[in-house]
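Note that chain A is present in both complexes that follow, paired respectively with chain B and with chain C.
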Partner chain A sequence: MNNISAKLLEAKNEPLWYFNKNSLIIIGIIVLGLFLFPFTSPSKFAIHLMMMIFMHAVMAQSWNVLAGFSGQISLGHAIFFGIGAYACAYFYVKFHITPWIGILIGIGISGFVAMLIGIPILRLKGHYFAIATLLIGISFQVVFQRWPEVGSSSGLWIPINRESPWSSMQFHKSKVAYYYISLLFFIVTFFLVWLLNRSKLGYRLRAIRDQSDAASSLGIHVSKYKIIAFIISAMIMAPIGSIYAQYVLIVDPNNAFNVDISILVLLIAVMGGVGNIWGPIIGAAILIPISEFSRIYFGGTGHSIDLVVYGVLIIIICIFKPSGIVSLIPRSFREREKAK
Partner chain B sequence: MGLIYALIAAGLSLIFGLMEIVNFAHGDHLMISMFSAFWLWALFGLDPIFSIPITILIMAAIGVLTHYFIIRKILNSTMLVQICATFGLAVTIRALAQLFFTPDFRTIKNPLIQGKFEILGIFIGKPQLYASLVCLVAFVLLYLFVTKTETGTALQATSQDRQAAEILGIPSNKMFALGWAIGLSCVAVAGSMLSNFYYVFPDVGVNFSLFAFVAVALGGFGSITGSLIAGIIIGVVESVGGLVIDPSFKLLYVFAVYLFVVIVRPQGIFGRY
Partner chain C sequence: MSILLKVENLSRSFGGIHANSDISFDVKKGEILGVIGPNGAGKSTLFDLITGFTKSDRGQVMFKDKDITNVRPDLICRMGVGRTFQKLKPFADQTLLENVIVGALVKEKSLKVARDKALEIIDFVDLIEKRHHYAKELSTGQRKRLELARALATDPKLLLMDEVTGGVDQRTIPGLVELVLKLKKNGITVVTIEHNMKIIMDISDRILALNQGKRIAFDTPKKISENSQVIDAYLGKVDAT
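Here is the complex of A and B:
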């Protein structure tokens, strides 16, 4: 109780912009390094790997916004990935709307769907919510498999457009353009989540997560804020689906609404550390290379080896370090940002 | 079909009632039991009907091991950690099965029970009918065990109030292990009977576990009779919905039932929570 009012008070007094010189320099160097990375003429694989890390980090961050800030565990985040992918592809294929706007449409639809789903099911607690999201995620897959307008189970093929790579967001010559797009979304997302983390909204959400009864007695509208968190989370997820659709140029229900995406996202976030904005980055940076490399070394059957590794890692993390790998990093380093 | 769902759900419900952990790997345990029935048939020529006891032993052992190596350590963690741990287990089991058994579909050829009955012009597959009967028997045994025997009542006591039960000298840790063993034994029976007429492949558990979740939520977490009735309801909804409207949306009807029940009556039909 006291804890929460103290937190809220802290939130009131703390300026939103709050930089520490050292951490700013470190982050600046890393970001600059990531921007310059393609100029070191890395292999195509390296670019692909980095992209995958960015995209998965953003997806895990999206999940993290919901779980870490409001304490609801979603097992159906692929819904929003799929909506993003489908929105972008559908509007391009049927109406020739450029994917750049398609991404925005995807974000909008995704947020709206999140609201529709969220209003009834966010009242559910714990396991019931988790199972409900799992079932809804699969329902989406089933519906899209049977929906002729979006290509049923064969999905949508995005026609190749060689004339105008920019307006169709297709870059066939190199992956560098996709790299920059995903990097951009990566940075923007993390900056926004970082802001959210320090904003009043962030404090309120965490108050709900820790003690929802106490939070509501302090005048926080619990279900309203949970829905807001769900919508934000969905809106973060959607553009990654759109980018992925543009990258592979095909959207089909089995990939776009794959339950494995929901699970992978959860594993990455948990591995890195739930409720910590750096957690998803660390989780993605560890898990994605494992998956990509095991696919190289073990060939076609490697697909299941990476899952074995995931599963075992996640069990180990759960048993020994439930707060994620982030908690292995010395506290002094993590706190530096706040120390001033 | 409903009775098979019911039995699978009963195992899940038992485990949840005992320690409030949802076993997300339940479907994959079902897959293991189907594979063990399959291999016992393929390697030793044992018909699934006769290999039930062996499958039960295997699954009970797996249940106890799961409890000692994973569940015991996360018993007091947050719900998130528990969900992730059982999910991790599910992913591991499924991936290992794909690795060792390959994702091929397999069937048991020429099982002892095959053919069909004709009742009033309706064909009923013999394997399905016998599976329901065996599941019903297993259900009755489970019910009698839990309500009539001393160990069963100790189990119930632990699920009602862990601390009070411990004061009375019931070792809760052993009860948990027992709960896992029994929960997975239910799965073993269901899996063996299912392998008579269903394909065996690594992803087989996914749909069954979803239905089991629905059944458990429907019947109320922790209630065994609840999961029996819910399982039957799901079986009926699935086939009637498939018959009347459109079979390709079978899953959706069942999910709709779940959402409806959970939103209207969150504790389920017979729930205590």
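Here is the complex of A and C:
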């Protein structure tokens, strides 16, 4: 294996990763546009809509790390949204700990809970794992409904604080601050997942997703890496719960651990494209406006109408583009240049 | 030649079926050991038992004088035992290069070093021009080479190859055989399951013959070809009466 051919030398001189200049420019313009968006005097609804897109894109990305990178389908991801929401609210209400620290506590607890849940259930494969996560998600809701320390079914009401908006993460005059907080988490999360995708861990997780036996034969401890993916996924999900709790100022078990959250993040990722870091962004950018507008136009019935729309869209995607809408984007615009 | 792998009384049953019964053999450093037997003889199960994918009921597997019986597959790989699968298991949605990098990461800490090592191995298996192709876009013969490259990237001292020429067209077979012989030249000990008798007789130093989960012969190719039990297993027993 020591004879070096010209083609091998040429291959070794190639960069480890390809960066498409055009796509980098487009991303840069979009990010700049998102930062400048509040200066265009948008309506409160437009700001709210953009925040919801950012938050759901991050949650779908969290689900994508687990399902898209390591191949485990979770139907209980609301667990970590709920933990993030409760951790932030609980420590603020009971101990007056700033939500910024509360976010970190939520991330830590979510990661720890993911490890405790993951060790037994990540031995399961396919639909057995999915069913286990669904049932554990529901059981979290039941436990919190009966836990007096966290307000039982009524949940926790976060007291309004008008004196120190930044330390209490409460901005009552404008939603713009929430917009920038969620935008920041959105950008940071996607950058971290982008790095994960290119890391040794990313290679190993994708190997497990595609062929766990083959991955095992290549020295990868499959269970350990699945647990790592689950922990990372949970830690990405938690801060969105925390931010949402500070945004609506109430956390209750029915909303925080709602199975709809778990299903919604799955639908966003599937629609956008599972296993691709752009999939959750595209999915959120399409599904969240549909959800919000259908809620406006169909009034009280909006909730079910948007689910009908989701269902129809998912069926169309599954039939015509099973790899998600992201597969419609030309390959050269995506993160890697392959198959020359 | 010193003994690299020693298998003693390895047994495994699935319900009432004895997939492997008291299989014993050894593999000498630097040799090519062929494993033959009709369908259902227990060849792939034997590989699964050695590499930890299936737990044995009894018996012992020693690799470089260490007991690796029922050790996890990833640890066995890290000890220096590589394998390929009868039913190909490429990482279909990843490029050939990415597939091989995964193997190289077993030993290499840096992604760049792992990439360069993967490229060298891809060049060794004559697929350098296909390095950016998705595994699902490759032909069966090319996927066989991919699996081999991926296993080689882990720096195995012993390589178990399950039907390297199985399912490929006749024109591809000589290239694959040549590749196996190149491995031997590079000091890698090979155990290969093969149905093509001409190939196995030509490349093997010794042959292990299995039938219905039992060892029926373990000898040089010449002696194996004259062994009545092997002939019976492949051609059926001739009734002399």
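Note that in this section the second predicted complex is superposed on the first by the 313 of 340 C-alpha atoms of A that agree within 3 Å, B and C clash if a C-alpha of one lies under 4 Å from a C-alpha of the other, contacts with A are read in each partner's own complex, and residues count from 1 in each chain.
Criterion: a residue touches a chain if its C-beta (ideal position, glycine included) is under 8 Å from a C-beta of that chain, and two chains touch if they have at least 3 such contacts.
This one's a predicted model, so the numbers in the text were calculated from it and none came from an experiment.
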| task | Based on the superposed arrangement, let me know which partner A:I136 touches: chain B (first), chain C (second), both, or neither? | result | first
| Which of the two partners, first being chain B and second being chain C, lies in contact with A:D213: first, second, both, or neither? | second
| request: Would you sort A:K200 into first (chain B), second (chain C), both or neither based on which partner it touches? | output: second
| field | Comparing the two partners chain B and chain C, which touches a greater set of residues in chain A | value | B
| field | Touching partner for A:I121 - first (chain B), second (chain C), both, neither | value | first
| First (chain B), second (chain C), both or neither touched by A:H221 | second
| remark: Dual-contact residues of chain A, meaning touching chain B and chain C, are none
| query | What does chain C use to touch chain A in their complex? | reply | 51, 53, 72-74, 77-78, 82-83, 85, 89-95, 98, 101-103, 105-106, 111-112, 114-116, 119-124, 128-129, 131-134, 137, 147, 150-151, 153-154, 186
| remark: Counting only contacts in the complex, chain A reaches chain B at residues 67, 73, 75, 120-121, 123-128, 130-132, 134-136, 138-139, 142-143, 145-146, 259, 263, 266-267, 270, 274, 301, 303-308, 310-315, 317-319, 322
| field | List of chain B residues in touch with chain A within their complex | value | 16, 22, 70, 73-74, 77-85, 87-96, 98-99, 206, 210, 213-214, 217, 221, 248-249, 251-252, 255, 258-259, 262-263, 266
| task | Enumerate the contact residues on chain A facing chain C in the complex. | result | 1, 5, 7-8, 11-12, 16, 198-200, 203-204, 206-207, 210-211, 213-222, 275, 337-340
